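Each of the two complexes below includes subunit A, the first together with subunit B, the second together with subunit C.
What follows is the complex of A and B.
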């Protein structure tokens, strides 16, 4: 094997050219140590969590009673052990980092299982706790940083120990035949010079980074409220209580979940189907001016906000004498009394689907039309000469060419199924809550509709929604990779 | 052409003739279905006795609806707020999207992949409505216009779209600029941006539509009457009949006129910018 940039002869398993620092061969990411470091940092944060929030208990006693130990030295020892093993990792003595990590783990286990004897009886909150009790209920009535802390510490320690262990195994597995100078990059200067070279780009990325951290990542941290009761005053930890209530006791939640899936999936099928049919027919139109005009008209509703669309339909579907549709139907003798389309449980869903098709079908045709215009006319000509009629050409040429786009559009939109909000929110009203409430509107109405609502509970509902949404996105991403060789995210 | 082919072609010609006519009629019907609700609202906005029956032209013509919207402070202010939010939001949004996209095409930059994954993860997992609300509360942005401008202006989808556009800029141009002593900022402003005018138009329009039509964020983050945008006001007018009596003008007329005013800005520029809108959709799906 030869180095690509300087031509030095290298052994077969080399990863780095020692002469020029160029990476060669298959690069295996060195993420094992990352696991160890991440785990240790998490465990460290877990130990420090009680300091995050002010409570009415003294902070330092909070800290070690949180670890369920009554000898403060144990808490200091735990923190010290983790810091030591982080330092060992930093100075590349990976081999030995498992020892302090294991010590901190032992302290944790002993403090919860073995030394679970007296606790701080004088402090009302922190009496005897068993680990299982803690995991399900937390410290009753304590702040979330203390309550969830146990989870954080456990996750951190498991990751840390596993990471250190894997690092050690790697050391033994190392191929001793290859000189280590071929395995690691000793010319680190290159990275630093690259970073220096790109310094202005980091500055340019800063605003984006700040916005992302503020408005996307910070709210993600807010998911912790799902495990707390949060009514006006500061939140306190209640474990999985909300999820328990949600799944077993809350009919409205299940209604909302069912409505979300039903409304958005039927909407998706109707919209995509209508868009495919319309673009197939539109593609057959030969008069360009007519085609352009039709396109302009059918795209138009897409630019109206949901409020505008809801207003328009509210006005023309009105039950009183100004409602055009009801007047028309009554004039034709189809119905005797005006129908309250948006306020009747029987008609709401149908009306909702119609409004959606009306608004977005035209816009949905853009991609299909682009694909259709890409089909070579030679194919049609050849088929025509072979005697294929319009129908046969549609089945054998157009649809196969379109199939990939249809699946793509379907997958792209399937990933957004859980986000249904505004379209429902502006068309629903109290009379049709049962058939129209979706998860997002449920969260909104429950939180802002009444005073003194529990932010914790609605955050839990939102977290469930985000979780299902995440599974959908990842699933669609996987499907997309299978179908078109490229993910959606 | 052989004899059989001619026969076949002739046969086709005879058989097919009816289809285009049906097709054209079909599309006239479809256009009608799209246009009738809009037309009805237009008509009623000019009708002093808004829409009694199925009239397709105003029976008693009046401009009262529009004049009362333009003259009433209660509606003038929301309109202005909509305009301000749209302009400021589009500007900030474009700035963030172009900066982020420009950094994302620096494949050599250490940490570039980390930033990219960081952005993509926000498309996978979402904090949820309530945590976002609480963050706004913590930042003391509730009931300020920032709360509706900032969260919408960082749009990862638009950023990725912009990156796809930027990738079309030839590599050699960057190299040439660098050799000529152009700083990264200089390259950005003097080469990348001027070459991506179409992309800027396309994504800028997407941002503008998004901000003009924004209702959800206003509904969640703002509950002060004087900071409502036009969509909020429109919603109150039509749904809750919140239309104060205005000397002799049918409240229905005013509501219809308000709908038209809400549509108008984009209805006017849309026919001229159609190609940019369409371009944005196509680039988004073809290369993501």
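What follows is the complex of A and C.
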């Protein structure tokens, strides 16, 4: 038998190559087991979904999961076991991670078969049920079926274990064909020794880590309220009730979803397009003083608060005598009666886009102007010598040079389309709510619109919004890789 | 092996903290809901906590002196929690999330009051109130019973009881007309002032004023208000129409919005907008926009009729008009015939939570003393002597750099307000209880020390409103109501705006309402009539 690294003939039963020190036998993988990680995350989510569910759709809130188990410690132990598995996977102890994964499976089975679950009738009033009993005998005339949580947990745990044996990452890695002994120390070291070696960098990073954990990750734990009827101090589990209501019964949810996508995407296209055009025009200006002045003027609206911008436009677009635009249009004979730009559903969207372009186009030009200034003047000179006029130079030199930046800006902004709030909130009113209500304003109204804020439902809407946002980010990342050769996350 | 143990220990520690986070808020509270106050001997409470918004003098405006003097006057030991005014109800919600943070005493607006009472977090003070010194004193104003009966709401078990006490009336809006506009339109003041007009006459006057000025007369803060009693900014147009659910004469809850009275009201508003009486921009107006238009010196955007808060605001409106150099004579008209009375909102109230160890004691020594008709009431109405007001002989200087100094000299024994600690260019005007709205008078022989500082306009208007108003009836909180009311109100407001602006007919609006949220309204009605 020969050493895979240096080709030296190895003695029988040798564990390491006597010449290069390479381990004999199966090469250990250093890759993160993506399938196992995904499986464990799925199993973690499965713990929030219903294990047993009332078969009557009207009683969808009559559901049982870890979240209303009579002994919550079982849920915590289940999550603990999965988190331990994830940590072990993170430190490349794949085989060890199977043990806690298996333990979480056992906890799940014990909980399902041997524990009681609470069926809430109100904040404090509940009955204890055994899930197996509910499935076989039902309760008060209702029949029950196995909920999606069971399938999700089982699939997750199977993937969590099976994934430890599958290394899909290796197919995406190029073999560098270099003997490991010639690699840098950093690559050869183990995780803990690497951390120790760079310990001071980690210490410097610690405040940021704490801040991120505290302000970004801690609040995420609140997403469990999406599965609860939120009553102060005593939220109780209602399974997928809120998601069911949101997708099938909510009057304004789909309007808000449609408005969010429509307003955001059209705004993005218009803002990017306007910024490109203005950048190209600014690039053609040769008088530097004039160019700087124009740049300053177009940047200024970006620094104004949306509240101020809304007040200004409300004033100049007013239907009363103070409305400059309407007075002007009527004076010119274009219209007979004033147009209610911000109070008529036919005009509100157009006005909203116009205000956005006015406010943010200038700021958007910065990146394009920076790219334009980087184009070699030699190219223009050469084209000029070849007889290319301004238009041809724009088409064949400027735009191709700018294309990559346009796509980058577009992709980066596409990931943010679900976060539309302030600009809409300050310009909307009751008369145009059907075309202006976006997911964020919808959640805001639902949360603060009445004394009894339905935090459970609005968390479910927020979770859905985040899910769509995540898909957009991943989609953009994929598009970015295709277009630019590298991702944005 | 040792390394593995270390790693596992580290993982264990990390997970412990994760479990700690996850476990937050998962506790199942088993505290009993607030039981009724009993008749056992009431002792003075030990130190207790109070949470309130900035309607009580703020920390930056001399609250320390107020706390100190209140402590001396009542002999109580308390600790105050004063969240930021704009985020007050977020702080309240957070405070109720745990027994450790729940205050003993809390100030709540009507919506939150009903919510927390129905969730069983508030102590039932009905018996305590019935045997209280204030109730027995005979100093309560004539409308006190109406105000306090509105505080009877459903508790966790569904029984109606008093879970909070309000020491002042909720106040409401009345309609002010600029005398200068009446004069300019050739309308005699005598035809309006003190008269109960009917809608046609009132509308006729509005039309005359609009014709005279060439533009709208009323610019309201929205075609509908976003809090109860909702119709209070255009009461003459809504008249008897109910915006939301209410109990009708046969004791059944009905949806006021889908009734004929609302259809008629919407038609009146549409006609008024179409006739140029009501400003179309009302849909965009905030309260400050609407006020600015009432004070406006621009003849093109000035409004002449404004339905706004009574009492102290009557004086503020006059002062602002005078400051802008406009004629400041205002006529507060009586409610028109079809309206009957103005509506008074339900006042914010002081509640004792189930976290309080000695609720009877807190009620007796803290809440019941707010209207003691003496020193404590003075503190709640005017603030701390020497910090917010005084009676000693002195010259009070209002300082403002750009406007120079304004001074006024007072004699010994003359009540006067002092400059606000946080804004020395403005005088204090009141503390938590507006003297005009207080539910109880001062004791015989103990005159209200600040009565002389009250402006005649504010006092007269406060009395006028009290005579011409009824208190709003609270809506009981049900699960179906709290889950659906935002969507229902969104549809209602959309219909009102669309009809008012002429984009929908009344029938189209009502059809839209029925098709979008009709089933939700039915669900709510079902829950209310259960």
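Note that in this section the second predicted complex is superposed on the first by the 275 of 489 C-alpha atoms of A that agree within 3 Å, B and C clash if a C-alpha of one lies under 4 Å from a C-alpha of the other, contacts with A are read in each partner's own complex, and residues count from 1 in each chain.
By our rule, a contact is a pair of C-beta atoms (placed from the backbone, for glycine too) under 8 Å apart; a residue touches a chain by one contact, two chains touch by 3 or more.
In this text, all values refer to a predicted model and were calculated from it rather than measured experimentally.
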State whether A:95 touches subunit B only (first), subunit C only (second), both chains, or neither. neither
Using the superposition on chain A described above, determine whether A:399 touches subunit B (first), subunit C (second), both, or neither. neither
So in the superposed three-chain picture, is A:87 touching just subunit B, just subunit C, both, or none of them (first/second/both/neither)? second
Pick one for A:322: touches subunit B only (first), subunit C only (second), both, or neither. both
Given the touch rule stated above, what does A:211 touch, subunit B (first), subunit C (second), both, or neither? first
Determine, for the superposed model, which of the two partners subunit B and subunit C contacts more residues of subunit A. B
Touching partner for A:426 - first (subunit B), second (subunit C), both, neither: first
Does subunit B (first) or subunit C (second) touch A:342, or do both, or does neither? second
May I ask you to decide whether A:434 touches subunit B, subunit C, both, or neither, giving the answer as first, second, both or neither? second
Mind working out whether A:76 is in touch with subunit B, subunit C, both or neither, as first, second, both or neither? second
What part of subunit A is shared between its subunit B contacts and its subunit C contacts? 218, 221, 314, 321-322
Subunit A residues touching subunit C in their complex are 72, 76, 79-80, 83-84, 87-88, 91, 123-124, 192, 218, 221, 224, 231-235, 250-252, 314, 318-322, 340, 342-345, 429-431, 433-434, 437, 445-446, 449-454, 457
Subunit C residues within the subunit A interface of the complex: 3, 7, 11, 14-15, 18-19, 21-30, 93, 96-98, 109-112, 114-116, 119-121, 156, 215-216, 222-224, 279-281, 283-284, 298, 300-301, 477, 481-483, 485-487, 489-491, 493-494, 496-498, 501, 503, 516-517, 520
Under the stated contact criterion, what part of subunit A meets subunit B in this complex? 191, 194-195, 198, 200-202, 204-205, 207-209, 211-212, 214-223, 225, 278, 281-282, 284-287, 290, 293-301, 303-308, 310-316, 321-322, 324, 327-328, 331, 358, 362-363, 366-367, 370, 384-385, 387, 389-390, 405, 408-409, 412, 421-422, 425-426, 440, 443-444, 447-448, 455, 458-459, 462-463, 465-466, 469-470, 473-474, 486, 488-489
Quick check on the complex: what are the subunit B residues that touch subunit A? 5, 8-9, 12, 15-16, 19-20, 23-24, 26-27, 30-31, 33-35, 37-38, 40-41, 44, 50-54, 95-96, 99-100, 102-103, 106, 108-111, 115, 118-120, 122-135, 139, 150-151, 153-154, 156, 159, 183-185, 188, 209, 212-216, 219-220, 231-232, 234-235, 238-239, 252, 255-256, 259, 262-263, 266-267, 270-271, 274, 277-278, 281-282, 285-286, 288
